[in-house]
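Multiple structures are listed underneath, in structure tokens.
In the two complexes that follow, chain A is the common piece, with chain B as its partner first and chain C second.
Take a look at the complex of A and B:
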């Protein structure tokens, strides 16, 4: 399986961490020539570089909007404790995990990947809490992602994604 | 009370399996040193010391809740009563190995008291004998801040303060906790 990208949003709805991995899947390269398909159907699509002027910041905002709305709808339908776990389009699969403190973890993978819910939870417990929350020098909140961009966290995340998940 | 017994079981289990222990006296002495230093820094202005302790606790609580959730893996509480049991039987249990009694609920279920039969922070402590500390200093005030910080992160705005303390010569150590409101989700800022 391939992990395309990974995002963390804090309780202030701000994207405090984002990371993208290469390579791009073959289907994405193919979709470059038939552009019109992707825009409407896939709001959080990991855009190919030449495909549009969208920046990674825009991607993050779109993804936040998507999961935020989906989660609220899921709650309305299924009750306060309900939440969505994943959704898939014809191009990618989005996995979602939210902590009770309203930190949202989002991972985009290819279609073949199994459920990443446990993996996201592991990232929260073993990486985020250990290296970001427990780092006394990092601020308690992360406006603009300060503090989350620390070496230990990034390296471990890299390892986790390349070794454990692939 | 099934939610209380469930919480005790979770707390017990976590305490045995997931928690790294440190020497209790180390904690007691370290905390005592901090309070003593604050009393010195603020020149015996105990109101200010209380305030600083609360603030320190708040900053601790904001992080501690993440550790709590990572260790316990519990979900959201259904109501404030359940929250109280979680705080006492799981939270205090895994971080201080005590389980203060939850009691004195108001009829609207928004206020309760925690009675501390034991308080590791206050072992070996005698308040300064200057005639004022007995009336003004809340020695363990950091705990109020911890609760406020931790609960704010899980969408509950609360107010907590001590109403009595055995260090002052009272019969019990009691903290009053009141729910102010549930915090709504924040929306992303509009920008079009």
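Take a look at the complex of A and C:
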């Protein structure tokens, strides 16, 4: 399965962490050995990255709006204790997990992935709580992603996604 | 195997039909259903636009950088058969969708703890929202039958005005009868 992107929103509806994984092209299986072959595309790559960097902020806002609306819809129809878990389109799947403190974890994956509720819960318990909440230097709120963008959290998230999930 | 309710939304996002078949979901007021239909219509469009775009590597960026990188064409020349296949699909855009063969659609299936919402959008933009139990299987069959009944009893009704609320007794009756016969 493939993970496309991952977002964390705090209770003020602000995106405090976002991460996108560009899937490896099929030819680049051994990442380091094949680097010379991908050099040809290097001049073109900043253009696509720049374009995506411009839209990631907007993407995060759109995704928040979507999950917020769908969550409210699920609550309205299913009762207050109902939780929106996932939705899929013909192209991707979006997984959603909300903590009791209203921190929202969102992950976009491909269609073949199973339910990621447990995975998102693990990210919260084993990574977010351990490396962000328990960090004495991290503020209680994370405006602009301060405190979440620390090395340990990013590193372990990277490992979790690349090793555990794929 | 319970079908909770059916909602039909016209192509402008207006609620044209809402019916509950089995209890299980909370009842909303008519106004809330109208809001729900409009909200879903918007969210459906957004879910299509946030489809992940995968950047295409090396195939499309050749024209602007061709003069500067004179060495790059040589590996391409060695395998003309392999390079010829991706070019037609990626002639102008720099990205592709995860499933390039299928057009990007909006939300098709939503799951919560209590129910599953399946959305079917017709070619003309009408959306059928079916609320079922999360464990229900073969929703496609139910959806197809509902669309068939809609075509037969709503679209073929000479008094039905397009995009207006559906008030066709025979549609109600047949829908109810078919769903009851299924369970």
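A few points about this structure:
Just so we're on the same page, the second predicted complex is superposed on the first by the 135 of 166 C-alpha atoms of A that agree within 3 Å, B and C clash if a C-alpha of one lies under 4 Å from a C-alpha of the other, contacts with A are read in each partner's own complex, and residues count from 1 in each chain.
Going forward, a residue touches a chain if its C-beta (ideal position, glycine included) is under 8 Å from a C-beta of that chain, and two chains touch if they have at least 3 such contacts.
This structure is a prediction, so every number in the text was calculated from the model and none was measured.
Contact with chain C, but none with chain B, is seen for A:85 once the two complexes are overlaid on the shared chain. In the superposition on chain A, A:110 makes contact with chain C only, while chain B stays out of contact range. When both complexes are overlaid on chain A, the residue A:125 reaches chain B alone and has no touch with chain C.
By the touch criterion stated above, A:150 is placed in contact with neither chain B nor chain C. Once the two structures are overlaid, the count of chain A residues touched is higher for C than for its counterpart among chain B and chain C.
Once chain A of one complex is fitted onto chain A of the other, the partner contacts of A:11 are limited to chain B, with no touch recorded for chain C.
By the touch criterion defined above, A:56 lies against neither chain B nor chain C after alignment on the C-alpha atoms of chain A. In the superposition on chain A, contact is made by A:76 with chain C only, not with chain B. In the superposed pair of complexes, A:133 makes contact with chain B only, with no contact to chain C. Taken together, the two structures place residues 65, 81 of chain A in contact with chain B in one case and with chain C in the other. Residues of chain C touching chain A in their complex: 25-26, 28, 32, 36, 39-40, 42-43, 46-58, 60-61, 64-65, 68-69, 72, 75, 94-95, 97-99, 102-115, 131.
Residues of chain B touching chain A in their complex: 59, 62-63, 65-67, 69-70, 73-76, 153-155, 185-189.
Chain contact summary for the complex, chain A toward chain B: residues 11-14, 61, 64-65, 68, 80-81, 99-102, 124-125, 128-129, 133-134, 140-141.
The touching residues of chain A, when paired with chain C in their complex, are 2, 4-5, 22-23, 25, 37-38, 40-41, 43-45, 47-49, 51-52, 59, 62-63, 65-66, 69-70, 73-74, 76-79, 81-92, 94, 108, 110-111.
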